[in-house]
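By letter and in written order, the chains are A, B, C, D and E; residue numbering begins at 1 in each of them.
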Amino acid sequence: NVSDDKIKIGVLADMGGVYSDLCGPGCVTALEMAAEDFGGEVLGAPIEIVSADDQLKADVGSAIVRKWVEDEQVDAVGGLVSSAVTGAATKVLTDAKKIAMISTAASNAFTTASCSPYNVHWTYNVAALANGTVKPMVDSGKKKWFFITADYAFGHALESVATEVIENNGGEVVGVVRAPLATTDFSSYVLQAQASGADVVALANAGADTVNSLKAATEFGLTEMVDVAGLLVFTPAAQAMDPDTAAGMRLTTGFYWDYDDETRAWSNRFKERHGSIPAMGHAGAYSMAMHYFRAVEAAGTDDSDAVMAKMRELKPDDFFARNAYLRADGRMVHDMYYAEIKPADQRRDNDDILNVLSVIPGDQAFAPMLPECNFAD
Amino acid sequence: MKLSKLHIALLLVALVAPFVLYPVFLAKILCFALFACAFNLLLGYVGLLSFGHAAFLGTGGYITGWLMMNANLTPELAILLGTAAAGLLGALYGKLAVKREGIYFAMVTLALAQLIFFVYLQAPFTGGEDGMQGIPRGELFGLIDLSDNLTMYYFVLAVFLFGFWLINRTIHSPFGQVLKAIRENEPRAVSLGYNVNDYKWVAFMISAALAGLAGATKSLVFQLASLTDVHWHMSGEVVLMTLVGGVGTVFGPLLGAGAIVTMQNYLSGGELGNYIHIIMGAIFVICVLAFRGGLVGELQKLVKRNFG
Amino acid sequence: MMTFLGINLFGLFGQLLVGLINGSFYALLSLGLAIIFGLLKIINFAQGAMYMLGAFFAWMALSYFGMNYWVALVVVPLVVGFIGILMERFLVRPIAHEDHLYSLLLTFGVALMLQGIFTHVYGSSGLAYAIPEELKGGTRLPFMYLPNYRAWIIVASLVVCGLTWWLVEKTKLGAYLRAGTENPQLMQAFGINVPLIVTLTFGFGVALAGFAGVMAAPVYSVSPEMGSNLLIVVFAIVVIGGMGSIGGAILTGLAMGVIEGLTKYLYPEASTTVIFLVMVIVLLLKPSGLFGKEA
Amino acid sequence: MSTHREKLRLADVHAFYGESHILHGIDLHLSQGELVTLLGRNGAGRSTTLRAIMNMVGRRTGSITVNGTETIDMPAHRIAHLGLGFCPEERGIFSSLNVLENLMLPPTVRSDGMSVEELFEMFPNLYERRFSQGTRLSGGEQQMLALARILRTGANILLLDEITEGLAPVIVQKLGDVLIALKERGLTILLVEQNFRFAAPIADRHYVMEHGHVVEEVQAHELAEKESLLNTYLGV
Amino acid sequence: MSADYVLESRNLVKAFKGFTAVDDVNLKVTRGHIHALIGPNGAGKTTVFNLLTKFLSPTSGRILFNDQDITPMKPAAIARAGVVRSFQISAVFPQLTVLENVRVALQRKEGNSFHFWRPQRILDRLNDRAMELLTSVGLESFADARTMDLSYGRKRALEIATTLALDPELMLLDEPTQGMGHEDVGRVADLIKQVSAGRTILMVEHNLHVVSKLADRITVLQRGAILTEGDYATVSTDPRVQEAYMGTAAAAEANAQKQEETA
């Protein structure tokens, strides 16, 4: 009862751009591993993985997805990195009633403002980051916040969610600068942050922007005066930071490869194949694909509605998904981790980068479901 | 433009192609081909290198998209208005830019396009870098449903043929004759009493409007208008398409657009995605070193050598 | 705190100084481009990639050979310059007599390839390169904390810019260069080895980008994309300054740093756009750029 | 003849621009202190002959010896250093340089060139306009500059292409005097000239060219008797 | 009476940075004349031309064409008003055919030059007139040749044909015989004479033979100012002109000629 007698998964990701380390070729590897681990077939139909480079462009991504579902019988699309591409891709997928398996995009819109019965958002989202990183700091008495925000939707979303958390917990936002994407020099913004009298300077940006803004913060002595919080720091970015600069920085992540034996076992397998340790998106992509295969098997069909129902019904449980369940809005709720970047002298090697400080239970990390996004039948 | 055997053969190919290839892909090629042809009108026939043509492509797309989503218009009207908007923007930009020549012209157009990029980046209605998503394709003249890809393709083909015809007519019109003279010897054209800037300006507007038409159509095909279309990379890409196809040739931009879109399409899928930049870069280097005439230019050379 | 018309003056001074620092960096970058673009009339789109190479080579030299910053500052530009010479000799020269568009396309291709190769090998997240020991720390000024390395950027780039300006504008070499690009054949007939001068100049311009890359490594993250974004801004600076004017490129670089800095303070979202706004205005008022000779 | 040192000899020189074959086996020679003209109609190949000597054509074959040195395989930039100075038909004034820079541009190839003062005395217009941009000069002034420029280098074999073009008669007359003076200093001059009235009284010999061939050689003293022949070639 | 003058300049001045190229020039060109502008190199002749056609803007002074002030007009507008120039360096459209060159000029008056939606065919009705013009300069057999391939003299002839196509009231010719072989010089001089019928011509020329043969009136410029004016006999025997411009040889010839005439 499988359409076209195969289960075909597309991996749409940034294969060569700034996010390619977060979920590019690595996500292809992760999905291939999932397919193999599942035995290479579901319900007797072979699993096929195809992949494409979205070049971080919404139009390219949506065109690829359109072609996959209209012309190449793709059943579900994984990867999905930048929020812009993901937004465009989910639109196409929803129209075609195919499942979007979002592993790395940060925006919470896919389960709120633009939620859809076919969206599955697995690894993390901006709300979890804000709840994870911001709340403990506000609670510890750091009330005045300054934002250096990447001037695009993801940055705005991160900033607004974090602001909400700050204000709900008795803090205040004393200033915001919106830096254009891919700004090379953040010193001007750092000076503004310095002048603001904030307790915490929050970096509502990602990737190279985070690395560069932190660099400037250290250079201009900002880190000595106030706390700098990276709201979204993936392991590759943490590795790219100057260890002296980054040491002690707090962050929230959906996965850390060195957390326990289970995570290490999978991560080492991944590293063997891919060459570097997995970032959270890689692990999420694997975990989600495994759950999808299980659901297809349980449903006895690859019909999206049936599979989605099964995915919600079955509890995901593996090295990645702890205390996890898939909510009716497509949000996968699971344990998140509050961690800090290790100082250079405590690192075994460059992979040994985080100290997990605490586990944040999924229900505290993720915002509650909106009623209008409840797709349970 | 007389219909030659070549034209008829190409037209037949275009008519049957969607039964062999994915129609949306073909429609994309046609949109970019129209864009490149519009650009080539300026570069190839007036000698003006615009490095900001993305502004018009994007404007056509955004305006049409917004109208389709908010104004409840039929697609042909939305496209018409999108095209007109791009033409208006072209009128404004052209007025400023045609006063300059050579590299300065290129730079003025680039700078103006960057300003437009900024506007679209910040303006709320464009959706920022998420783009304008889920633009409905609507029903042509309120009758023909365009949501079917094949129907959409034939509509795009019709739009393209119209644009292509208009460009070729322009080149071979009394106006085109003056443009040619201006390109050859501008001071002489002035001394014959031609306000050369006005002619360049009109050519710029035509080119901008047609680029807008391409963008407008494209936004319907993909149901999306995004910043990619206004980014300077896009302005660069259209230069590449035209050069790869052959500057100042009738079919060059069409072929160039086809080649580049196909290449991107092919490279972005699967294993090669990783190498896309390396391979594209290598192709450009090789093209420039060995096939400067562009595809059409080299073909013409080959034909001449073997049959001429 | 001192305020004037509601603006925090100390804050403003800080912004101005930071702008000046960035400006001296722009000056350094636009210098290489101005030489190649303005004097040789070659539109070198690979200049950004050469800048990236400079930064990466510095990183590689340190990681693989233990070569420190100061040695790298001398060696890396030479290596990058040599790559430039090879590029000129084997790629650019064969198409020198063709339309300038082709050199643009060619160097664009080279830039894509280099960027692709480095992304493939080193990923895109960027690499860390520490500020050299000697320049760590900073000085506390009344209105801001000035890191030593930033001060060094100002000094180093002004010295390099000044020397280059002298070389091109005040020595006969500069006249040979300008004349050689205008009518190479006649210069040859005068007994000047124009191809050699062109090659060396190209190499020198590229080496400057390499130098800027090494300078940038400790303050910006070393990543394959670092050059491509900067390139177009630097092009704009060269055009605003006036093509062919070395002094123009330097002064405009400084000025644009300051203007951009102020924009970052007043309307940060527009900070990457402001330079293009300036460019439109300048080109409309003074077609050949601020310091360019009227055509 | 053997008393005079031979400065320049072309033997069976062919020259090509791309595919077009312009010179078809040119033979000519100049001895020290001679002033020889190349006559011919528009397009006969006179300018091309000069350009071939400087290796400024697409391709050239045959033999070109300068001061006894074979130059046919020499790169263009080494030829000037044998003592050749070339004043091109289109003048080649550089717009990116001012008048003085233009004047000082070509490297000196021998030590006994004319000084800048001497040149300014000869062409006062240039002195007056010495800081203007080269191409802002009037047509005639540009012509003066082009000539002055190579007189400075000390070249002792001059290849001059249509130097009286666009000059006022009074200057043309002065140029004639200059050429005679140069000749007396021992310089060797190959002159391409339309203005036969100018060339006839000062030249020692004339070569007549047609369609890329040298069709006639006329000594100065034969001018009168060969006038009708010249008329048919040149349409004087 | 001023109506006799097609063109007048009043106190025309052009100063470049620290240098006055044209200094208070009052030029009067009589209708129907061939008027020559001569003078030493750098005297300002080309600059005067540039001012009259607004390729340069005068620093001060006025230009009257048929008593109408054309000083503020744009170059193209001046051309349309009937003042058309040729260039010191040959100006043709090299890639167009010879016929098309002339047609471009004829086309302007058709009023369809902006019609980008109409086929080129509609220009064919201009072909007869174009051929007529080509015939008048002896180029009829080259009508379909690419202009690039024409010899220098023929390009000049074509340029004159193109200029004639505008039917200008006043033609400005800057050194029309420069760079020509003797044959061509004669041909072009004849041509100028021929086309001067019914219109006025202002020309700059260094070839005194051509000047003496064609010019009805001559203005001599020196250092930007008018040195003297008159017919060839008057001007050429003026000792100041002889010294500044003609040189002794030409002067001797002119003097001899004058003596012959008076004798």
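Quick note on the criterion: a residue touches a chain if its C-beta (ideal position, glycine included) is under 8 Å from a C-beta of that chain, and two chains touch if they have at least 3 such contacts.
Chains and their UniProt names: B, C = Branched-chain amino acid ABC transporter permease; D, E = ABC transporter ATP-binding protein.
Remember, predicted model here, so these are calculated numbers, not experimental data.
If you take chain B and chain C together, the chains in touch with both are A. Touching chain C and chain D together: no chain.
Looking at D-E and A-C side by side, the one with more C-beta contacts is A-C.
In whole angstrom, the spacing between the mean C-alpha positions of chain A and chain B is 37.
Distance between chain B and chain D, defined via averaged C-alpha coordinates, is recorded as 52 Å. Inter-chain centre distance (chain B to chain E, centres taken as mean C-alpha positions): 44 Å. In chain D, no residue reaches two or more other chains under the touch definition. Residue positions of chain A with contacts to 2 or more other chains are 16, 151. Contacts between chains, counted with the stated touch criterion, involve the pairs A-B, A-C, B-C, B-E, C-D, D-E.
Residues of chain C touching chain D in their complex: 172, 175-176, 178-179, 181-183, 185-194, 244, 293. The touching residues of chain E, when paired with chain D in their complex, are 16, 19, 39-47, 88, 151-153, 175, 178-184, 206, 208, 243-250. Remark: chain D residues 41-43, 125, 129, 132, 136-141, 143-144, 162, 165-174, 194, 196, 234-236 touch chain E in the complex. Within the complex, the chain A residues that touch chain C are 16-21, 151, 177-180, 182-185, 187-189, 191-192, 194-195, 207-208, 211-212, 215-216, 219-221, 234, 236-237, 239-244, 276. Here chain E touches chain B in the complex through residues 53, 55, 74-77, 79-80, 84-87, 91-96, 100, 103-105, 107-108, 110, 112-120, 122-123, 162, 166, going by the rule given at the top.
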